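Next up, some structures in C-alpha cells.
Both complexes below contain chain A, partnered by chain B and then by chain C.
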Partner chain A sequence: MARVKEKISRSLFIIPALALLATFVVYPVASTIYLSFATGDPPFPANYWAVLSSREIIDARGFVRGFPLGALLHNFLWMLIHLPLTTFLGLVLAIIVRNVRGSGVIKSSIFLGMVIPMIVGGVIIRFMFDKDAGVVNAVLGLLGLTTRSWTAHPESALLALIFGSVWLWTGFSMILYSAGLSTIPRDYYEAAMVDGATPVRMFFSITLPLLKPITTVIVTMTILWELKIFDIVYVATLGGPGGASNVLALQMYFYAFRQFDLNRASVVATILMFLTLAAAIPMITSVIRRERR
Partner chain B sequence: MAEVKLKEVTKKFGNFTAVDRINLEALDGEFVVLVGPSGCGKTTTLRMIAGLEEVTEGEIYIGDRLVNDVPPKDRDIAMVFQNYALYPHMDVYNNMAFGLKLRKVPKKEIDRRVREAAELLGISDKLRAKPRELSGGQRQRVAVGRAIVRDPKVFLFDEPLSNLDAKLRVRMRAELAELHQRLKTTTIYVTHDQVEAMTLGYRVAVMKDGVVQQYDAPQVIYDQPANMFVAGFIGSPPMNFLDARLVEEDSKVFVQGKGFKLLVPQDKLTDEVRSFIGREVVFGIRPEDLRTPEMVREDRTEASFPGRVRVREPLGDELIVYADCAGDEVIAKLDPHLPIEPGQEITLIAAMERMHLFDPETEQAII
Partner chain C sequence: MKRKWVSTLLIHLLAWSLALIWIVPFFGLLMTSIRPLSEVIYGWWRFEEFNPTLSNFVKAWNHPTAPLSQGMRNSLAVAIPATVVPIFIASIAAYGLARFTFPLKNYLFLTIVALMTLPIQMIAIPIFKLMKDLRLLNTFLGLVTVHSAWGIPWILFFMRNYFTTLPIEVEESARVDGASDLVIFLRIVLPMCVPALVSAAVLQFMWVWSDFFLALILIYSPSKLLATQRIPLMRGVYHVDWGVLSAGAVLVMIVPVMIFAFLQRYYIKGMVGWTLK
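Moving on to the complex of A and B:
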C-alpha cells in the first residue's frame, strides 16, 4: 500500500513537465496533423494527394530532364550523399587526428562548421561556390578545370549545397568518434597485438564494433539533420534556381508563409514528422535496451 | 617452452628512467614473479618482454632469439592483462579463438583447443556468453583461457588477480599455481601483492625504482633479505627496524638501542659484523620473531627488552601488538591467548638467531 502511495506521489512530480510538453509539443503536433487533414471537401486525404502529386514534392519530369526532382527526393539525395560521406570522413579524421600533435587545434577548426550558425554557414557555402569569390573555384581554376557559380545552375545547385553541408557537418561525427575512440581501452589493442592482429584487422575487429553505439547516434542525428535541413538552403539558394535545390522544410515554409496554405504546409510538416520519427525510433530503442542491461 | 633472459635492460620515458639496467633470467618452465610497489617498473619490464614497450637499452631473449625488434605477435607469448581486456562484443568462445583465427589455425583445431581450455578452466557452459554476463572470476578464467589456447612459449601475467575480491583471489591463486604445474610453461607474473609473489613464484624478483633489489627463491628472500627495502616489503606486518649501535663488552657483542641491549649470538659474528663494532647499525627483527616470557621456557634475559602496549589487534590465529619501546614502535606477532591489554608493560624476547643487521648508510644487509 505504501509503495502504491509512493508511486502516486512520485508521479505528481512529473505533472508540471507533462503539462509543458502537452502545451508546447503534443498540442501543436496534434493540431498540425488535424490541419493536414482538414479541408472543405471530403475525402479527407485530399490534401495529401494534392501535395504528394505536386511538382514541388516529387517532380517526375526531373528523371528525364534533371533537376529539379522535387523536395522529397532532394532530401533523400541529400541523405544518400551526405550521410556516408560525413560518417566516413568523421571516422577517418578522428582516427588520423588521434595521434597527432596539436590535434586540439585541428579538431576545433574542423568542428567550427558545427559551431557557426547554419545561416552563416549557408552564406559561406554560397560564397565558397561563387565564381569569383569562392575557394572551390579557386582550387578548380588552379587545376585547370571549369569554374562557375555552382549554386546558380540547376544541375549543380543541390550538389553544391550537399557538399558544402558535408564541410559543415563532418566536425560533428569527428567529435563524436573522437570521444568514442578515447573510451576504447588501450588494453584491447594490446591484447590484439599479442594475439597477432594487424592494424587493419584491429580496426575491423575491435574499433568498428566498439564504435557501433556511436555510429548509431551519428547516423540517426545526421539523418534527422538532413531531413530538417532548411537554413543553409534558405540563405544560399532559396531552393532555386527553379526549385532545383528545394527541400521539404523549405517547401513547408513556402506553403505556409508565401502561399498561406496552412493545410498543405501541415501535410509537409506531418510527413516530415513521421520521417524523422522513423529515423529516430531505432536509436531510441537501442538506447533504452542498453540502459536496461 | 623457452627461457627468458633480460640483459642490462633499461627503459626511459623522456628523462625518467622506469627500468634501470636490470638482469633477469627465467628458466624453461619456471614461474617467476616480479613484485614491488606501484611505479617500481615491474609492469614496464613485463610490457617490454611482451613487446608492447620498446627497450631503450639492453637485450631481451626469448629462447635463444634476441627479440628487441620482434613485434609482439611474433614473440610467441601470451599475456593476461590486469583488467582482462576481453573483447566486449565477442562471446567467450570468440574471445578465446580470436588469436588462433588470426594465426589461420584450422577451424576444427580451434574448436578442439578452445573446448579443451574451457574444460580445464571450468567455463565450458559459458562459451556463448558475452564478457559482461560473467562474474569477475569467470572473466579472469576466460582471460587465462585466451592465453593458454595459443600454447605459447611464455605466459605473461600483469596483476591478473588485483580486480578480484579477497576470497576469490586466494582461490584463483591456487588455480593458477595448479595450472602452471600442469602446463609447465615459462611464466612471468607481475604483482604488488607479496603473498601472491611468495606463494606462486619459484623465484621472486623484488623491484624498486626500476632496479631489481633481490632475485631469489621466496624463502631466501624472507630469511635473508638483501636490504632494508626487501626486508620491509616482504612479510606482514613488516620487519621492525630499530636504530642501534654495536658494542663489545667482555668479548661479547651487543646490539644496543634506546630501550634495549641484546646479545648478538656467537655464530652471527662474522668479520663483516665485527667491522661494525662501535658503529651505528639498524637492527631488524620480524614481528613473528618476538615472543613474551610466557611463550619461551628458558631464561633469555640477554634477548629481552621492555615495552608498553599501545594497540592490540587480535586476528584469531594470532595477536598483533604495537608496543612502544623507549620511543621506538615495535610490532610483535604473539599468541592470541595471552592476556595483553593496551597500556600494559610487557617484556619482548627476540629470537636473536633470526636477527638482521643493516648498514644505515647503504641500507644493505650486514647479516
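Moving on to the complex of A and C:
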C-alpha cells in the first residue's frame, strides 16, 4: 500500500511537465505532421511534391539568373558560409584572447551580438549596410569600392544578412571554445614543451583533438540556428526584394499566416523539423552514450 | 626575450582592435539614437556637428502607433511569469527524472532531448487553433502558457544534469529521518540549486524577452503588442527614421544587456553547462 502511494506521489513530480508538453508541444507537432500529409489527393507525396517544386522553396532558375534561389537553398547557402566562418573565427578569437589582458571585456563585446534580441540584430544589420548611414559603406567608400544599400538589391540582400549574422553569432563559438580551452590541463602543454614540440604541433596534437566534443556542440547549435533563422530576415528585408533573401521559417509564416495555406505551411515546418533533427543526431547520440555510462 | 615582448604587444593590439571592430555597429546604433536625424543621415561617424539629445528616446517611448512604454510593460508582464512557471514545473520534473525510476524513463528523456531541437514553426498552426478554441488568443495568459511549455525541455535537461551531480547522501539521510519526497525537494535540494536556478532563469527570461515569432502569431491588438513586435512598426512610412528606430532598438536591448552585465557568470554557466556537460 505504501509502495502504491509512493508511486503516485512520485509520478506527481513529472505529470505537470508532461501534461504541458503533451498539450502544447507534442500534440501540435503531431497535428502539423498530419496536416502536412492531409489532402484530397493521394496522400503521401502530393503536398510535399507541390511545395518542393514551388519557386518559393527551390528555384533552379536562380543558378542562371542569380537570386532568388528559393528558401531552402537560401538556408543551405546560409549554412555554407556562416557555419565555417563563425566556427573558425570563434576558435581563432578564443585562442587570441586567452592570454590577453582585459580578455573579459573583449569577450563580452564580441558576445554582445548573442545577448540582444535578434529583432534588434536585424535592425543593426540593415543599418550597417545602408547606403548613406551605414558603416560598411563608409569603409567600402574609403577603399574606393561601390557603395549601395546592400540589403535592398536582390543580388546582395541575402549575402548581406549572412555576413551580418556572422557578426552576431561569432561570440557564441568563441565563448564555448574559451570554456573548452580552459578545461585542457596546462601540464599537457608543459610535457609537450619538454619533449620539444612546436606551438603548431601542440595545437594540432593537443588542442584540436581535445576540442572535438565542444566542436560537435558548436556545429550542431550553429546549424540549428541557421535553419531556424527568422527574426533577422523579417525585420531587415521581409525576405525581399522579390524573395531574394527568403528563408524556410519565413516562408512557413507567409504560407500559414498571410496566405492561410495550412497544408503547405505544415509541409515547410515538417521539412524544417527533419532538417533540425538530422543536424542534431550527433549531439543526441552523444547524450545517449553519456547516459549509458 | 625581446621577441616575446613584441609578440605579446602584437597579440594585445590584434585582440583589442578585433573587439573594437565588433563593437562599432553597436556604437553606431547608440550614436544614431542620441543625435538628431539630420546629423546622422550621412553617417554617425561625422562629428562636425554634435548635439546629443534624448528626443529620439522620447519619441520612441511615446510613439504614436507603437509606443514602447506600453511594449516594455507588456513584455515584462509576459516574461516574468513565463520564466517562473516553467522553471518550477521543469525543475520538479527534472528531480523526478534524476532520482526516481519510471517505466519508459529513458525514452522519455530521449524525447525531451529531441524536443529541444524543434523549430517553433512546427507548433505554430495547431497552437494558433488551440489558443483560439481556448479563447486564449491575443491574451498574455495564452502566450505565457506556450512559452512555459516550450521552455520545459531545455530547463528540464539542464536541471536534471545539475541534480545528478548533487550528492545523494544528504537526501537519503533526510529520508531516513522521515521526510517526504516533496519536502526533501523543496527544503533540501532546491536551496542547493540556487546558482543553477538563476542560470536557467536568466536564459529563459532572455529567450522570452527576445522572442518575436510566438508574439507575432498570438498577440495582435495594438495595445497588447510586445516590445519586440513594435520594432518593425517604428521604421517610418516613406523613409526609415533611423533616429527613432535605433532609440527603440536600444530600449529593447537594454534589458537583456543589463541582465547579461550583472549576471554574466550565470548566463555563461547556463549556456556552457547545458551544452557541454
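We adopt the following convention: the second predicted complex is superposed on the first by the 271 of 293 C-alpha atoms of A that agree within 3 Å, B and C clash if a C-alpha of one lies under 4 Å from a C-alpha of the other, contacts with A are read in each partner's own complex, and residues count from 1 in each chain.
Here is the rule we go by: a contact is a pair of C-beta atoms (placed from the backbone, for glycine too) under 8 Å apart; a residue touches a chain by one contact, two chains touch by 3 or more.
Every value quoted in this text rests on a predicted model; they were computed, and no experiment measured them.
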Will chain C clash with chain B on chain A after the two structures are superposed, or do they fit?
fit
Which of chain B and chain C A:157 touches, first, second, both or neither
neither
Pick one for A:167: touches chain B only (first), chain C only (second), both, or neither.
second
With both complexes overlaid on chain A, does A:83 touch chain B (first), chain C (second), both or neither?
neither
Have a look at where A:185 lands relative to chain B and chain C in the superposition and call it first, second, both or neither.
first
Taking the C-alpha centre of chain A as the vertex, compute the angle to the C-alpha centres of chain B and chain C, in steps of 10 degrees.
80
Name the contact category of A:234: first (chain B only), second (chain C only), both, or neither.
second
In the superposed arrangement, does A:57 touch chain B (first), chain C (second), both or neither?
neither
For the three-chain arrangement built by superposition, which of chain B and chain C touches the greater number of chain A residues?
C
Which holds for A:256: it touches chain B only (first), chain C only (second), both, or neither?
second
A:28 contacts which: chain B (first), chain C (second), both, neither?
second
When the two complexes are placed on top of each other via chain A, what is the minimal CA separation of chain B and chain C in Å?
9
For chain A, what residues appear in both contact lists, the one with chain B and the one with chain C?
none
Would you tell me which residues of chain C are touching chain A in their complex?
8, 11-12, 14-16, 18-19, 22-26, 28-29, 32, 40-45, 89-90, 92-93, 95-97, 100, 102, 106, 108-110, 112-115, 117-128, 130, 145-146, 148-150, 152-153, 156, 180-182, 185, 206, 209-210, 212-213, 216-217, 228, 231-232, 240, 242, 245-246, 249, 252-253, 256-257, 260, 264, 267-268, 271-272, 275-276
Complex contact set, residues of chain B against chain A:
50-52, 71-73, 77-79, 81-83, 85, 87-89, 98-99, 102-103, 132, 146, 150
Please name which positions on chain A make contact with chain B in the complex.
185, 187-188, 190-197, 201, 205-206, 209-210, 212, 293
Which residues, counting only chain A, touch chain C once they are in their complex?
6, 9-11, 13-14, 16-18, 20-21, 23-29, 31-32, 35, 93, 96-97, 99-103, 105-106, 108-110, 112-113, 115-120, 123-124, 127-128, 130, 132-133, 135, 138, 167, 170-171, 175-176, 179-180, 213-214, 217, 221, 224, 227-228, 230-231, 234-235, 248-249, 252-253, 256-257, 262, 265-266, 268-270, 272-273, 276-277, 279-280, 284, 287-288, 291
